[in-house]
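Okay, so chain A shows up in both of these, paired with chain B first and chain C after.
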Partner chain A sequence: MKTIIHLDTIEKQFAGNVVVPPLSLSIEEGEFLTLLGPSGCGKTTLLRMIAGFEEQTSGEIYLDEKLLSHIPPYQRDMNMVFQQYALFPHMTVEQNILFGLKMKKVSTAEQKKRLEEVLQYVQLTELRSRTPKQLSGGQQQRVAIARAIINNPRVLLLDEPLGALDYQLRKSLQLELKNLQKNLGITFIYVTHDQEEAMAMSDRIAVMNKGRIEQIASPAEIYNTPQTLFVATFIGENNIFRDGGTITAVRPEKIKLYQRGEQTDKHKKTGRITDVVFLGNLRKLYIRLDSRDMTVMAHQYAGDGLDWQVDNHVAIGWAQTDEVILPC
Partner chain B sequence: MNTRRRHILSGYSWLMLVFLYLPIAILVLYSFNDSRINAVWSGFTWKWYISLFDNRQVMQALANSLTIGVISSILATVLGTAASLAIKHYSLKWRNIVNGLIYLPIVIPEIMMGLALLVLFSQIHMELGKATLIMAHVTFSMPYVMVIISGRLADMGKDLEEAAQDLGATPWETLRYVTLPLIMPGIVAGFLMSFTLSLDDFIISFFVAGPNSTTLPLYIYGLVKRGVSPEVNALSTLLIVSTVLLVIVAELFRRKDSKTITY
Partner chain C sequence: MLNKKPVKLLALPAIVWMGALFVLPMLLIAALSFLKRGTYGQVVYEFTLNNYIRIWDPLYGQIFWDTLVVAVLTTLLSILSGYPLAYYISRLEPSKQKIWLLLVMIPFWINFLVRSYAWVIILRSQGVINTMLQSMGIISEPLPLLYNSGSVLLGMVYTLVPFMVLPIYVSLEQMDRRKLEAAYDLGATPWKAFWHVTLPMTKTGVVTGSILVFVSSIGMFVVPDVMGGAKSALIGNVIQNQFLSARDWPFGSALSIVLMLLSMLLILLYFRATKASESKEGAV
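Coming up: the complex of A and B.
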């Protein structure tokens, strides 16, 4: 795989406050990379430095091995989809989409051809002469995507593009965006604070915390072998056991419950079930440990056989291969 | 109890309105009075209005007012818009300082402004006349233009301009295709506001006008010194009506939602 964007120890300070401490990152051509982290952790700042709207305090950015620093945004071969879409309110859908080609002085014939293709692709052909105000949130989102991809950018930057939409629409657009990225082969750098979204769409996820990248890996790796405590707790649910100098993380679905006195070789801790939450095909069990002030979460799937109840005294255990040892 | 309080309140507001508008209403009424003596009503007439149009001095003052109004408000609008666009890029601290300095003329007593300008013009040996009037009018209208335009720019945010640049528009193209069209209602409102201020101004104009640049308000003042005649009432009525209309239109433009404009 070929590197398309390389960030070389870039740092960003705002009035002396370090928002992004020095950070390096290579993004591969054609990949779907997600920057995932809680709000305020510097995702937007990082994206805006790549787009050229913020200048890094130090470090360099490369696109196709060419230095990007000091090149203004309008000369960078990438496009951004803004969180609030930033559609031009005084232009129709068609004029919005054509704006980039007009600025690049593409011939009228070529403009027309690409417009029709893109309109069809994002299913906006019927709405082409409406203004943004006359569109629903989902439709506006499509216009924002169309306005960016019509330029055939090398890289598409997306800042929480689905953040303003309701849950159902977000779910279906996640799949559409993923397919669009695969079909067009454009490199996506996608910002979100929603871990489910990141899991569903990305080839790789960079988990960010306070401006630092804690781990960058495939969704499965991030989930199964988190490398830091932050990643282990931010992505999905986890049970964190602190024993002396070591921290051990075990996912709730890996926790096994036993009757006291049965298969005692597999027991690791004992406790009492305090809550059982029914979630359809899944039940969440909360177990208060006897030995210390801690509640362990365990998942029980329909058909597991045993029917645990509140106040049952149980033993818990897990396979050695299912635990993750974390650095302190 | 509640309704009684409301009655008292509404009575009070009516009293306020009467207090504010009664003098103007009387002035307008007497401009249609057939008698030369203001105190006596002797029937309706248009004759004072007609005689205004036959009066060469009135027509000259009107021409002066319009020339000075149009030129000064074009200048104030262009300069004010450019200044608003420039200070938008300043850091918050500098923006506040510059804004403060620019808005100061709005609160400085007009008589001081007039005096200061007069001193300035005589220091640089500028002959008082249309040019000094235009410069003075630009000085006091520009802050109003900037208040209106800066408000619109703030509403617009920076997203749209960034989106334009992201799509390959240079700063000039961004200005031309995105920023200017979106603040155009503000520009029009600013122009109308400046024109109204220029048309109405008396105090500052009084200081900086020359013998051949009498504007309508100055002319009216000159007439009043010789007693209030029905012509003065007629002329004032016309000035009031045009001011009110201009302000209403300016306000409509200022409030126009940029999201609904189509070109």
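Coming up: the complex of A and C.
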């Protein structure tokens, strides 16, 4: 795989406050990379530095091995899909989409050809002469994407592009975006705080916390073998056991429940069920441990034949291979 | 839901105020314009169209035309000088913005007449500029800086430019900066982004400011009186004379009505023109 963007120990400070401490990152050509983290973790700042809207305090950015630092955003061969889309309200859908090509003085014939292609691709042909105000959120989102991809950018930057949409629409657009990325073969750098979204779409996820990249790996790796406590608790749900100097994380779905007295050496701890939460395909069980002040969460799937109730006294255990030892 | 009755009551003082001090005098002026003037300047209650026929005299046509030219030029110059200032202010830190806006408004605190005479002191033959240039030996004869159409224009723009700056500043402030970033992102240089995004998006401010400046300058009589001398009488001066010196209230009223209708017509045309360009505007 070829590196398309390389961040070389870039750092960002705002008025003396370090927002992004020096970090390096290589992004591969054609990959879907997600910067995931809670708000204020520096993911948007990182994206804006790549786009050129913020200048890094130190370090360099390379695109295709060419130095990108100090090149203004309008000369960088990448495009951005903005949070809330930032469409031009005084232009029609068509004029919005054509803006980039007009700025680059692409020939009228070429403009026309690409416009028709893109309009068809995002299914906006019928809405081409409307203004953004006359469109729904989902349609505006398509315009924003069309306006960016018509320029055939080397890299597409997406800043929480689904954040303003409702849950159902977000779900269906996640799939669409992933397919779009596969079909176009453009490198996507996607910023979100929604881990589900990141899991569903990304080739790699960079989990960020306080400006640092805690872990960068495939969604499965991130989920199954988190490398830090932050990743273990931020991605999905986890039970964290602290025993002396070691921290052990065990996913709720890996926790097995037994009747107390059922003697197996797998039993690690005993406790009492305090809550059962019904979630359709599964029940979440909350187990108060006898030995210490801690509640463990376990999953009980529909159709597994077990029927645990509140106040049941249980023993819990898990396979050695299902636990993740974390650094302190 | 808000009950409508108390809201209506709250609007009552303003309605009464406007009715008594604006609508009523307007109706009086309209009525007056169809009456005759008596020999000693009193109003004779007899219907006539003579006042309106008199306006067709080329003398008044010329004055109306001059007034329009000055008003249009004032508006244009106010846009050209007011927009950059508003833009500059909107890009400052919030605390500095407040200071600059205050500076824009401070002249309103000083009497208008006083400010106009201050310009006379600066521009006249023995004024600040001429004395300075002469003592520096740059000129031997004083420059004719005052009592011409240039000085009238200067005075008008000086007086009215805040009415342009404030609405433009407001629309620049309200504009979402991300739209500008989107333009840069799509390859627009700062100048192109301004021309294709910022300017069309702040058009409301320019239109509002233009109407405020145009309407104010079309009826202006103090500035041409003080800074223009006898030569550059505008329609505002003629109306003022009809009421105060010639004591011909009916004719003054007729001139006022025509002036009002003319401004309304021009504003309407201006609205039409800016609305019509809206659809074309985006066509980069």
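Note that in this section the second predicted complex is superposed on the first by the 327 of 328 C-alpha atoms of A that agree within 3 Å, B and C clash if a C-alpha of one lies under 4 Å from a C-alpha of the other, contacts with A are read in each partner's own complex, and residues count from 1 in each chain.
Operating definition for what follows: contacts are C-beta pairs under 8 Å (C-beta built on N, C-alpha and C of every residue); 3 or more make two chains touch, one makes a residue touch a chain.
Because the structure is predicted, anything quoted here is derived from the model rather than measured.
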item: Superposed partners chain B and chain C on chain A - clash or fit; value: clash
item: Touching partner for A:P73 - first (chain B), second (chain C), both, neither; value: both
item: Chain B versus chain C as contact partner of A:H90, first or second or both or neither; value: both
item: Partner chain in contact with A:K133 - chain B first, chain C second, else both or neither; value: first
item: Intersection of chain A interface sets (partners chain B, chain C); value: 51, 53, 72-75, 79-80, 82, 84, 86-90, 99-100, 103-104, 147-148, 151
item: Interfacial residue positions of chain A with respect to chain B in the complex; value: 51, 53, 72-75, 79-80, 82, 84, 86-90, 99-100, 103-104, 131-133, 147-148, 151
item: In the complex with chain C, residue positions of chain A that touch it; value: 51-53, 72-75, 79-80, 82-84, 86-92, 95-96, 98-100, 102-104, 147-148, 151
item: Touch list for chain B against partner chain A, complex; value: 159-160, 162-170, 173, 177-178, 181-182, 258-263
item: Complex contact set, residues of chain C against chain A; value: 176, 178-179, 181-189, 192-193, 196-197, 200-201, 203, 278, 281-284
